[in-house]
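Same chain, two partners: chain A is paired with chain B first, then with chain C.
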Partner chain A sequence: MINKDQIKSNRNIKRFIPPFMRKRTFAYSMLTVNILFITWVVVTETGLADELFLPGPLKVWQSFIEVSTEGYQGNTLFIHVFTSVNRILAAFILACIIGIPMGVLMGASKIARALLNPLIEFYRPLPPLGLYTLLVMWLGIGEESKLALLFLAALPGLIIATIQAVQNIDPVYLRVAKGLGASKKTILFNVYLPAAGPTILAGMRISLGFTYTVLVAAEIVAASAGIGWMIWDAAKFLLSDVVIMGLIVLGLTGIALDIFMRFIGRILMPWTRYLGP
Partner chain B sequence: MTINMQKTLKQTKTKGKVVIDNISISYFNRNKNVYALRDISTTINPGEFVCLLGPSGCGKSSLLNGIAGFVDPSKGQFYLDDKKIMGPRPEMGMVFQQYSLYPWKTVKENIAFGPSINNRGDESPEKIAMNFLEMIGLSKYANHYPNELSGGMQQRVGIARALANYPDVLLMDEPFGALDSQTRIIMQENLLKLWREFKITVVFVTHDIDEAVFLADRILLMSTLPGKIKKDLKVDLPRPRDKETTDSSRFIELRQICHSLIREESLKAFDKQNQL
Partner chain C sequence: MKNILNKVSKTLFGSLSAMTLLMMTFPIEAFAKPKKITVGYLNLVNAQLVTKSLGLIQKEMPGVEVKHIKVGGGGDMLRAIAAKQVDFGGLGNPPTAIGVTRKLPIDGIIVLNMLDFVEAMVVRTDANIKSFKDLEGKTVAAPFGSTTHYLLLQALADEGIDPSSMTILDLRPNDIAAAWARGDLDAAWFWEPNLDKAVKRGGNIFMTSGIMEKRGYPTWDVGVVMKKFAKQYPEYVEKFVKAECAGIDFWINNPAETAKIIAKELSLDLEDATRMMKGTEMVPCKKQLTSQYMGTSNDIGGFADTLVKTSKFLVSQKRLPKQLKRKDYEKFLDPSYLEKVVD
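So, the complex of A and B:
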């Protein structure tokens, strides 16, 4: 028999470690990462790849140190990352504030869905660069058009996921609340939002990824800082080490934000830790 | 149980009369109007334990959902204590056929949900929830989530959630359908205990004959397509009932009666469902 307090304290520690790291599958993921890395080393060391296009890990590491300390085109790596992540988060949070209530409304009401659907369905398939040209014409080349593009990229995924989430709520959950005499407001906060929560979180994660994919496009014009801009600018001078370093750093910030969102999700929705055996 | 609760119970003793007045319920399905129930009338008295017994698809859930106010009848009217039932009412508690606890609330929060909405007495919803948890023997699981509980435990919490709202009528839709027979018998005995304490009206849906005979004051045997009340059977077994009840000759006799009536119906239902 295991002591009860022990189980409890184990649970308390464990719940702050992301579940994916607890699993053995995490080890397999690390294996893939290592193989990729070793391949990179081998391919560059043996001269199989042209160093101009694929520099070795050491060179990339050096450029990381260099840009971190001396900067790239006047700004350190930290400033570049900070600027971009700020833009992404500002646009993404705004998209959540607008998109999630909109999605709940559209999921719960057919009329709202019919009215609002054309808005998002139309621009959703448009290529970001095409959209950006228009946004620049309307909003100028400053910060506004960048944020607008990132915002528009984040919005549809969020709305669609939230609609799905609300529509998939088991009707018995609504009956329970109505049977107990719950008001509309009580039902919104005690049934709709928590029931849809996990799916909305999944939508937020996908949506954040989508926001990242348009970052470079958003920072092409009239930026002097931003990791997307740094990658774009370095590519013009064939500085492939900076490009690769920038992509890796960008990717890592994306993973960090994703883990952070899941962490917040586990705090806001503690029951998801116990779904299924 | 606290003194407070006893008071509430005594007040509700005379309430909980359900009148089913000439009810038909139909569904519009595949461009056809299909009657699930046709011209059903009966009166369920305060404090009575009534079982709706019938084969699958005969409209038991439809009738229960009608009483609960979740489904509107296409004809006729339901009354609760002589007032028309126009929609869900907190005076009626429902225990659903499927698991329906909120996975995002702990066991305690699930039970406290009703009291927190209605806030009748001077006791806090948490206190009420803890009292009910003690009653169903799950105090230890107060802060667990439903997914951490077994099916039988979840269904007990479902019953407690409905009772915590102090309803006059408890509607139960095959609450023990998914349980193994041993657990089921224990649950039935516990339910009778709760019913005795609370003295509320219970309408209990089942397709299990033994269950119906063991629990009910009265069994409404239903026929199929469209659903009707084929037989209104009084169960005159003495109370309190326990394991010995099921061995008595009267129990076996009543079971036999139900068996033959049901068999007829099931065969008919099977045939009808098989026709194109």
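So, the complex of A and C:
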């Protein structure tokens, strides 16, 4: 009797734990996180680390509460994050709209690839910061130059992943579709995109991550809100608790965006269970 | 084989004991000589450019590699100091207040300059700005954390104007000049040599740091040394101060020559360099020991009061978590090297 009850209550508890948390790999991931956290506590509590450079978890938590409620230099944490995520998504979506069709075109047509390749191959390895000075001179200190920098950071990864995805499509699919008299439009939407989808999505995830790394740089010049700007400004005043708090928030926001991308992928491409790392 | 080993160990032992003997006879400081010193200097018009150009520091310390690094503003210098990338640096009073309050291991050893109209607020002539009140709704730039950012906010506070009634942007001096040229800014408070570029492109000077000094808000730059370096090589700090004092004397005694140096160092016209020089006040090292400036080791001067005032302001701006007592800012100022050099 008791046993049955216990099993029942166990099941009830299990219901509230999301499936990914039940996996053993999750436990290992948590181990890493915990070790890192404990090291942080030990190093700061024992005074091994200078408080000016590495404040303790409590101090960082306090700054999180303070910036969330009172704000940092006129804006709350939410507004800083919101501003930055807006910038990133606007630039990234624009890059997808331009980059993915360009990639499909370049993957499908040798002529298009030959025409566009010099451009992409030349600017791809340029460090975005090197371009930034020029962008500020051309587009000014407003939102345009920030968006342009993020856009340029997002674009090459998308294009290259899409080219790869299209080139790797099994030619049998194409031959079959053509043999059955499919139009070019049908081939594009019913063969190319569905077959290349998963690789494109992987490219999008990498590209979004790269765009994220340029965020602080994009917000250095003449911003007054944004999580990247907050980190930059706090560093100038040696407010390392705000800097570390900002970095943690930045990292978590990045993870959230990535999960969101995978979610979208699963909805758009139900035919392929995307298994990401 | 055994023989060779024996020989080697004997020679080793011999030289080791000789070294120990030497070390025992002479105090170790007598040998303390840095291989290389790194001087971070601010990109503005002061006598550090003269000292650098004439190689005065190098003359004081032969055999030591002297490296100069140009740093854009106080915020960047503070980071360079926090990261221990320089041995000597220059800081305006707001970054100094931040550094000292946050307990950066630095000592203030010499007054580099007092800021007059070399730092000024330029306004776009057609924006019709006649008072601080007129800035409402406009776009204003200043390098955050610097002397001019401090003066801008202080001036607004004094006039009872809410800073959020205008857009205040954080830009570095060279970025201000570029943004100004595009017409993105209505006003900017920053310094030469970039200030002049804005004035020449449809701007006029509305307020100067010299006027703010008369209102009770002096701004200055102070030369700092890393505490660790000062402890290890005190004589070399003295040599550094001596060289900078010589630079200041050269500036005061040879204005024409100095203008040529400044023009060359900053790629300016001679005429512009001459005018910019007049906007910076150089204080002779002997005068630095009076109560208005550093004061003496026993009686620290007015610089400590400026630091107290600046910190208080930064705390009210939430840029600093807390304020220290005057005594703590006094500890940062160390006129002892100046005293040795002047005597």
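Rule of thumb we're sticking to: the second predicted complex is superposed on the first by the 250 of 277 C-alpha atoms of A that agree within 3 Å, B and C clash if a C-alpha of one lies under 4 Å from a C-alpha of the other, contacts with A are read in each partner's own complex, and residues count from 1 in each chain.
To be clear about the criterion, a residue touches a chain if its C-beta (ideal position, glycine included) is under 8 Å from a C-beta of that chain, and two chains touch if they have at least 3 such contacts.
Here the structure is a predicted model, which is why all the values come from computation and not from measurement.
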item: Room on chain A for both chain B and chain C (clash or fit); value: fit
item: Which of chain B and chain C A:247 touches, first, second, both or neither; value: neither
item: Which of chain B and chain C A:195 touches, first, second, both or neither; value: first
item: First (chain B), second (chain C), both or neither touched by A:224; value: second
item: A:206 touches, of chain B and chain C: first, second, both or neither?; value: neither
item: Partner chain in contact with A:181 - chain B first, chain C second, else both or neither; value: first
item: First (chain B), second (chain C), both or neither touched by A:94; value: neither
item: Which superposed partner A:140 touches (first chain B, second chain C, both, neither); value: second
item: First (chain B), second (chain C), both or neither touched by A:112; value: neither
item: Superposed arrangement (fit on chain A Cα atoms) - minimum chain B/chain C Cα distance in Å; value: 51
item: In the complex with chain A, residue positions of chain C that touch it; value: 75, 78-79, 82, 98-99, 102-104, 141, 144-145, 164, 167-171, 175, 178-179, 182, 184, 314, 318-321
item: Residues of chain A that touch chain B when the two form their complex; value: 170, 172-173, 175-183, 186, 190-191, 194-195, 197, 269-271, 274-276
item: For the chain A and chain C complex, residues of the former touching the latter; value: 52-53, 72-74, 136-137, 140-142, 221-224, 229, 233, 235-239
item: Interfacial residue positions of chain B with respect to chain A in the complex; value: 68-70, 87-90, 92-94, 96, 98, 100, 102-106, 113-114, 117-118, 145, 147-148, 161, 165
